[in-house]
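The same subunit A turns up in both complexes below, where it pairs with subunit B and then with subunit C.
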Partner chain A sequence: MKRALSLVFILGLAVLLLYVVGNMPSMGDPQNPTASHVSPHYLERGVEETGSENAVTSVIINYRGYDTMGEVTVIFCALAGVLAVLGREKKGRIYAYTDHSKVRSSPIVRTFLIFLVPFIIMFSVYTILHGELAPGGGFQGGAVIGASMIIFTTIFGLWEASKSIPQKLRIPLEGTAVMAFFVVGVAGLIGGGSFLTFLMPRVTESLQPALVTWLTVIVEIGIGVGGAMIFTSILFSMIREEEEIVVQ
Partner chain B sequence: MSTALNITLIVLLVVTALLATFSKDLLAAVIIFSVYSLIMALMWQRLQAPDLALTEAAVGAGITAVLFIVTIFKTWRREEE
Partner chain C sequence: MSFSNLFHNYHYIGAMILFCIGLYTVIMRRNIIKKIIGLNIMETSVFFFLISIGFLEGGLAPIHVEGVEASQMVNPLPQALILTGIVVAVSVTALALSMVILLYRQYGTLDVDNLMREEAEEEEETPQEKEGMGE
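Take a look at the complex of A and B:
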């Protein structure tokens, strides 16, 4: 009975959703409401208003800055939740490399990884700094740094990884994503505009393009560094217990 | 050619999604899920959204998979009937 009812409910929902999808404007149609009002403005005025050649970056960082600020805050809150439940890896305890797997990772993997990780980090720095002009940006670059730290940790263990990014360095840097957004937002208020404006009325015309570019770069770097540290901290806090031994 | 590729990608996407949902071995489910993310990244690239493709490949296939695997090793690997 319950199964039949849920099946009927799911079928009804599917029919409803398919009906709605059928009534949506077709994809890529130039007559779409989304393509006829906002998009032309972004594409035509984007470069002069936000100073970034990449339309996606200009929308994410500038036109919809509030949205991105909220997302960054959500990731920060996720880290806060993980730390509240699991706790941070403790200072004053010794991390030992305890390998629980039957097969130790081979020297080939270890040697290859030592060569690979710097290139991954170089690629992510390129993604962060070049986000204005090319696809990519702060969040993508930060996620790639986080992923490189995850690979490093899975092969070399928490002890080696937390030596290369110590807790002292991570704690202040975790908040940089949110901080960068708020600092840039308040800078907009000081410059005479509204919160998160990049075009400031109090700044002379000739300085505007440089100012907009630098504010974008600050936000990108902030999101990148903050995101990387947050992902690394979440992983360290999740795997810490197996690899900690208390000094008696 | 491009239509054939699109159809292949969508079929693979649906197959991996179903396999990840119905797999009783959670580790296998996570690995299939990261394959799903990689196919999704290819789809984003084909839909001309390289930003999303980068994010999907790094977060979906890389970070979430590892976090799920860590969680599985802290709990149980098999789903109970």
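Take a look at the complex of A and C:
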């Protein structure tokens, strides 16, 4: 009975949604309302106003900088929540199933991974630094580093992984994303503009493009490093097992 | 409601079907981890829908290179919003999974019905000791 009611509800919702979608403007039409209000401004004036060739980066970091600052705060709060629920991994207690598994990962996988991980990290550095010119940016690069840490941890176990990125290093770096935004925002205030402005009225015209580029790169690096460390810390605190669960 | 329009917007149809599949998973499955997977399917469908709204017929990536006019590019705004959305989705999933881990340690089961039953039994047996349940 409950099952049938749920099915009826979902089917009704599906019919309603399809009806709404059928009345929407046709997809990919240049006359769409979505393509006619604010996005032409972003596309036409973006380069001269923000100095970034990638329109997505200019929207994320310049036009909607406050949004992105809030987003960075959200992942920081997610880390804080995970740590409040599960606790950080502690010395002497960092055992996971992979460390005690009877089946060791094969030498082929281990050797291949040792070759692979530097390339993944190199790719993520490229993604972070090239974010204003090409597809990419801080979040994407940070996620790639986090993915490389997940692969490393599943193959080598938590003990090896937490030796390669020790906790002492991770704790200060987790706040880098929020800090980068704060530093750039205050720099805008000092330069005579408002909070989170990249164009500073007090700086001479000739220095302006270089300054905008460097501030963008600082924010991207901050987001990338901070995001990577937050993902790694969430993974480590999730994979940690209590001693009594571990099969010795 | 014009059917030709509906079939032209086939991306939207796919997103809506995906949304309903995710909602079905959230409602019908009893395993909490499967519920979280369903939530992620719903989030993905919303991302797909918004990205499709920004699509332009024959459009190019919104990156300024030589020979590409601004009018040829797709809308950059949904893409930026989806980046925000993906990060928020990851945060929600991480928090939910950490709570699931704690729940499993406490009760040893992930089945919603079993969890409700055990909690009801515990409340019946020891109503006064509920304060010390923390760990």
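By our rule, the second predicted complex is superposed on the first by the 216 of 248 C-alpha atoms of A that agree within 3 Å, B and C clash if a C-alpha of one lies under 4 Å from a C-alpha of the other, contacts with A are read in each partner's own complex, and residues count from 1 in each chain.
Criterion: a residue touches a chain if its C-beta (ideal position, glycine included) is under 8 Å from a C-beta of that chain, and two chains touch if they have at least 3 such contacts.
What you see is a predicted model, and the numbers here were worked out from it, not measured in a lab.
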* Asked: Between subunit B (first) and subunit C (second), which, if any, makes contact with A:Gly46: first, second, both or neither?
  -> second
* To do: Pick one for A:Ser237: touches subunit B only (first), subunit C only (second), both, or neither.
  => second
* Figure out whether A:Phe139 sits in contact with subunit B (first) or subunit C (second), or with both, or with neither. => both
* Considering only the touch criterion stated at the top, classify A:Pro107 as touching first (subunit B), second (subunit C), both, or neither. => neither
* When both complexes are superposed, which of subunit B and subunit C contacts more residues belonging to subunit A? -> C
* Which of the two partners, first being subunit B and second being subunit C, lies in contact with A:Thr154: first, second, both, or neither? -> first
* Would you sort A:Pro201 into first (subunit B), second (subunit C), both or neither based on which partner it touches? => neither
* Please indicate which partner A:Val56 is in contact with in the superposed arrangement: first for subunit B, second for subunit C, both, or neither. => both
* Structure fact -> subunit A residues contacting subunit B in one complex and subunit C in the other 56, 60, 135, 137, 139, 234, 238
* Can you list the subunit A residues touching subunit B in their complex? -> 56, 60, 127, 135-137, 139-140, 143-144, 146-147, 150, 154, 231, 234-235, 238-239
* Structure fact -> Counting only contacts in the complex, subunit C reaches subunit A at residues 1-3, 5-6, 8-9, 11-13, 16-17, 19-20, 23-24, 27-28, 52-57, 59, 61-65, 70-71, 73, 75-80, 83-84, 86-88, 90-92, 94-95, 97-99, 101-102, 105
* Please give the residue numbers of subunit A that touch subunit C in the complex, ascending. => 3, 6-7, 9-11, 13-14, 17-19, 21-24, 26-30, 32, 34-35, 38-40, 42-44, 46-47, 53-56, 58-60, 64, 67-68, 71, 74-75, 77-79, 81-82, 85-86, 133-135, 137, 139, 227, 234, 237-238, 242, 245
* To do: In the complex, go through subunit B and note every residue touching subunit A.
  => 50-51, 53-55, 58-59, 62-63, 66-67, 70-71, 74
